[in-house]
Amino acid sequence: MKLFEYQAKQILESEGAKVPRGIVVSEDEDVEKALTLAGLSPPLVVKAQVLVAGRGKAGGIKLANSIEEAKQIARNMLGSRIKGIVVRKVLVEEAIEHEKEYYVAITIDRAKRGAVVLASSMGGVDIEEVARKYPDKIIRRSIDFTKGLRGFEARAIGKQLGFKGKLLMNFTNLLIAMYKVMRKYDADLVESNPFTVKGDEIILLDARIIIDDNALVRHPELKKVPIRETGEFTEWEVKAREMGLTFVELDGDIGVIGNGAGLTMATMDLVSYYGGRPANFLDIGGGASSELVKKAVKFLLDFPKAKRIFINVFGGITRCDEVAKGIIAALEEARERKPIIVRLVGTNEEEGRSILEKNGIKAFADPVEAVKTVLSS
Amino acid sequence: MKLFEYQAKQILESEGAKVPRGIVVSEDEDVEKALTLAGLSPPLVVKAQVLVAGRGKAGGIKLANSIEEAKQIARNMLGSRIKGIVVRKVLVEEAIEHEKEYYVAITIDRAKRGAVVLASSMGGVDIEEVARKYPDKIIRRSIDFTKGLRGFEARAIGKQLGFKGKLLMNFTNLLIAMYKVMRKYDADLVESNPFTVKGDEIILLDARIIIDDNALVRHPELKKVPIRETGEFTEWEVKAREMGLTFVELDGDIGVIGNGAGLTMATMDLVSYYGGRPANFLDIGGGASSELVKKAVKFLLDFPKAKRIFINVFGGITRCDEVAKGIIAALEEARERKPIIVRLVGTNEEEGRSILEKNGIKAFADPVEAVKTVLSS
Amino acid sequence: MAILVDENTRVIVQGITGREGSFHTKLMLEYGTKIVAGVTPGKGGANVHGVPVYDTVEEALKSHPDANTSIIFVPARFATDAVYEAIDNGMKVVVVITEHIPVHEALEFVNYARSKNTWIVGPNCPGVISPGKTKVGIMPGHVFREGNIGIVSRSGTLTYEIAFTLTREGYGQSTAIGIGGDPITGMDFIDVLEMYRNDDETKAVVIIGEIGGDAEERAAKYILDTKYPKPVIAYIAGKTAPPGKRMGHAGAIISMGSGYYEDKVKAFTSVGVKVADTPFRVVEYIKELIKD
Amino acid sequence: MAILVDENTRVIVQGITGREGSFHTKLMLEYGTKIVAGVTPGKGGANVHGVPVYDTVEEALKSHPDANTSIIFVPARFATDAVYEAIDNGMKVVVVITEHIPVHEALEFVNYARSKNTWIVGPNCPGVISPGKTKVGIMPGHVFREGNIGIVSRSGTLTYEIAFTLTREGYGQSTAIGIGGDPITGMDFIDVLEMYRNDDETKAVVIIGEIGGDAEERAAKYILDTKYPKPVIAYIAGKTAPPGKRMGHAGAIISMGSGYYEDKVKAFTSVGVKVADTPFRVVEYIKELIKD
């Protein structure tokens, strides 16, 4: 789960990081009053609290030279949509005049089974681009998870960024705070892009925290971001998640259902390999019940991008008869009919196939033959 | 630093442990009002919040059958002295009817370099006595510090105590909470003696937490217990600590000063070996300045138990001339004169000896000869 | 020989009384796996498909000291505890089927396990099978057959699919391991490749990767660095997956500039590992290689 | 031979620019210790008694790759960080002079050090000396002389006192180690006894214990279990110390029913280790033993 910028900043500040003075204003608050009372010194930055990439370019970050102007901007921003997401809150902060913008992040190090610090003096821009164009400009340092991030490691990174003296000490404290936050909140990512330097202080201009979804149960203190506001999911993905389906929307027109993430991806790839374009990824997982299968099939019948549906099941724990029953049940209840091609092998294959064929659906054993049929249907 | 019972209970409760319903009342509060408002159900227990052992036998724990009676007891207890310590706060709790009393503690495991859980179904009494008389009645389980205390380990201990089902689960949660507290607060000891069982619940009747003094700087959230209220130190020990001296009061009449804890203890032992009785332990540590030596000597000159003073210094980092200067300076300022015997060897021995002898104090090189002189003087 | 699990494997099933645990205990027993005990706290004394149940692994070991492998079906909330219990009781291999274990917990126990010389397979994995010897997992046994191909995979069903094509064409497997779909797993491709290298029975290795992370790139580097002595064929799922989206597995996401399909294919082909276009062509490459 | 430190020891002083660090750097240099570098963050480029100072251990190692031992004078608040820095940079021995390090921190780094095969001496210790070879500590060098007695001690000045009586009577020392006065130390008596056992130069061992904990009892058990092949003499300080009071050292406290003087004496004598009544009688026992 991504936290909003203001949440990330509050958490990091509580561990000792410095952020610009600011105030969060909600849709349902009196913007005028809140901003008058806050006593901020212009110039100010008004930042839409939406979790979409490229918020700045989409008009979600604006400068105000007076409190009045900030009020005006905030009022306009609240309730508007940035890349389709409604702005429920804005963060109004004192603008920090600065020259250099730096990048720093701590994330999971899959290879070393620990954490990794990434830092760069080329912050403020798309860091993935920096990483690809100027790999030398990114400092990477793996952190042993048993030991934790220690001061000397943070100092070494700070020195590489060119910091010295008190500033180096403050950078060290920042990194240690970021690591603490990572561990305390089960974060996948704690990032500031950019942060800047003012005198001896390190100031986080932006901040981002992503919490491991699997760990959310351990963090009742974190307010759940409503799924529609996360900016991570399309409308149909939101619907799917609300129904408990593992679904990703794609750009093609062949609806894809598979059992298991790997097989479902492979099925998408197979469609593409034979010249088609998958409309989605929908994984019914291992041991799916007919109920779940029915739900998934109905979902794709409703999903407008999917013009045809290809169901690819390799029954291991998943029973083919359950799958077949689910498909038939979905079709019975469906408002719309779409061509459905099923490839079904494995446990209870015969029963499954006979259920389908009784209902006029051919069940293929060979996936390639099945794909070709999908594409020619 | 020992925490008061009520602090220990609050901390453990905040991590999920169950304690009796209760209220803390201070000297300066309106006892009547506080107890009326608390809405506790009698019978109640009124417990003096003093950090002395054997508080119960000394009248610091009393039962009240009504709110009125509890008020009466609390009023009397507040401001009174238990084993010489003034009662500043009382804890008034609902009495928990119970049969069995258990013991559980987590402390540092020196041998295994980790933590160790101690538990017993013979709680409520002096556990050291139980440990010596019935060693089989104490369950011990070492906990790897890297891994932490895990549920399965807590369950194994709970099973040995005879707990099952929901009760076992609650005991497991208690132990995990205790371990969390230990780690979070740098505790040397987290203990409940006794706790009891009520239905499926585990209830802590008493609780004790000792924080590592060296870690107190990391815990500004903990209110420091004034040193006079800790119950750990005698009046003279308090004075010494306030002056920055490492001093322990003993029962004899020979004042002892040494440099280094081991040597100072050995000096006490030497006094005792040759038939004398040390009045104290006073360690000036390594590399003591003349200022510190002066402070230490003056302290023993004031300390009434010390009739004679034996100073045993083996100069390594400590310079004998600094020691000698300190002794002379102390004598010059002293109100009282006491026989002082000095044994002085090591770095700058000659200078030290000459300073002393110029002032009429003989400096011995042989500690045994020095001790014998102390005892015959 | 086979790797990790074989005819000497004696299994404890942790979480045996749950729906999944009980169901797969039955299937593993049917396959011939020697399950000596089950563990579910509070259910000691019960019996699941003839397997005695204990409250703790320690108690299970008292009656079954030959147990050396554990498979964990415990729900995510309690799974980490079960893993530590298995490690501390000396299990040499711990197969963690459970999905949705927080990644920080996995990091902790995976590091701990390595310090204790325990192999963790998973989490979020289908387990390990050494066909004809034993199955410690949830894969359908009938798609595998004893043979000389080693399989290591980040995916479950895709493994069955590919194993099945191999089996049908007469290429049995020495062992097939699903290392799990989470970002942090107890074993990676390199660990398993190293084991296959030392396993006489294994003549060739099939790597089934997917987008996300850089396990495939590291495997490629390892193959180059060690001049890997056995032929390796790869398949990578997710060519059509968009960046920034989790594709079912928590680990299957292109992010922070890494995890792209193209990078993985490039890494493998540059060290001489052929990457099959579709899962069904893996067997064709194997045929060519084995012919040589 | 000597143990832990010898003529091949190359020392980095962490916290070299502080009062203590600078003072003892001078004394160690005078003793002949090969100090190759000092480290104080922010003071890189300075020079202390001719020793070049670096900001980090890593930088120090770049110019002095032969460094293998570190001694730490850093104040308690930053000492733990310095210890990890030393361990991660491959120091084989790390001597922690610093007092007042929180015990939880010590527990963490001591366990970590062991996992990385680094020996921590201390914290809160006088260090190690192998007379005539090198001194990595704060002990007065002149009281020691090269010889065949190994000393291991929980106390500083008491060690010097006893070493001095030995030296005066002609019994030099192979090595003398102060393991530190805290409850948790990187090495205990057993670790050091094991090293002396394998050191040809060491003919007899003196253990200087004190009240608190059960390190002496465990040492006694170890001596029994291993049929320790060299004579051992002990002295234990604190016979007259009352229970429940910390005697200067954080570890010197009788509590939770353990740490009594009598238990320690009994443990040693029951395994044939003579316990001297006073520090000055240690040398008498040594005389008797060496005569044999």
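In order of appearance the chains are A, B, C and D, and numbering begins at 1 in each one.
One rule holds for everything that comes next: a residue touches a chain if its C-beta (ideal position, glycine included) is under 8 Å from a C-beta of that chain, and two chains touch if they have at least 3 such contacts.
The structure displayed is predicted, hence computed values, not measured ones.
Chemist: Which chain pair is joined by more contacting C-beta pairs, B-C or B-D?
Modeler: By the number of C-beta pairs in contact, the winner is B-D.
Chemist: How many angstrom lie between the CA centroids of subunit B and subunit D, rounded to a whole number?
Modeler: Going by mean C-alpha positions, subunit B sits 27 Å from subunit D.
Chemist: Report the inter-chain centroid distance for subunit A and subunit B in whole angstrom, where each centroid is the mean of the CA atoms.
Modeler: Taking the average C-alpha coordinate of subunit A and of subunit B, the gap between them is 52 Å.
Chemist: Residues of subunit D that touch two or more other chains: which are they?
Modeler: 112, 115
Chemist: Residues touching two or more other chains, restricted to subunit B: which are they?
Modeler: 146
Chemist: How are the chains arranged in terms of who touches whom: line, ring, star, complete or other?
Modeler: ring
Chemist: Kindly provide every pair of chains that touch.
Modeler: Between chains, contact exists in these pairs: A-C, A-D, B-C, B-D.
Chemist: What residues on subunit C touch subunit B, complex-wise?
Modeler: 41-42, 55-58, 78, 80-82, 84-85, 88, 112, 115
Chemist: List the residues on subunit B that touch subunit C in their complex, please.
Modeler: Per the stated touch rule, the residues are 144, 146-147, 150-153, 155-156, 159, 164-165, 168.
Chemist: In their complex, what parts of subunit D are in touch with subunit B?
Modeler: Those in contact with subunit B are residues 20, 24, 76-77, 100-105, 107-108, 110-112, 114-115, 126, 138-140, 143, 153-161, 164, 181, 183-184, 188, 208, 210-211, 213-215, 218, 235, 237-242, 245-252, 256-257, 277-280.
Chemist: Per the contact definition, I'd like the list of subunit A residues that touch subunit C in the complex.
Modeler: For subunit A paired with subunit C, touching residues are 107-108, 110-111, 113-114, 118, 127-128, 131-132, 145-146, 183, 186, 188, 212-215, 217-218, 246, 248, 250, 258-266, 268-273, 278, 281, 283, 285-287, 314-318, 345-347, 367-368.
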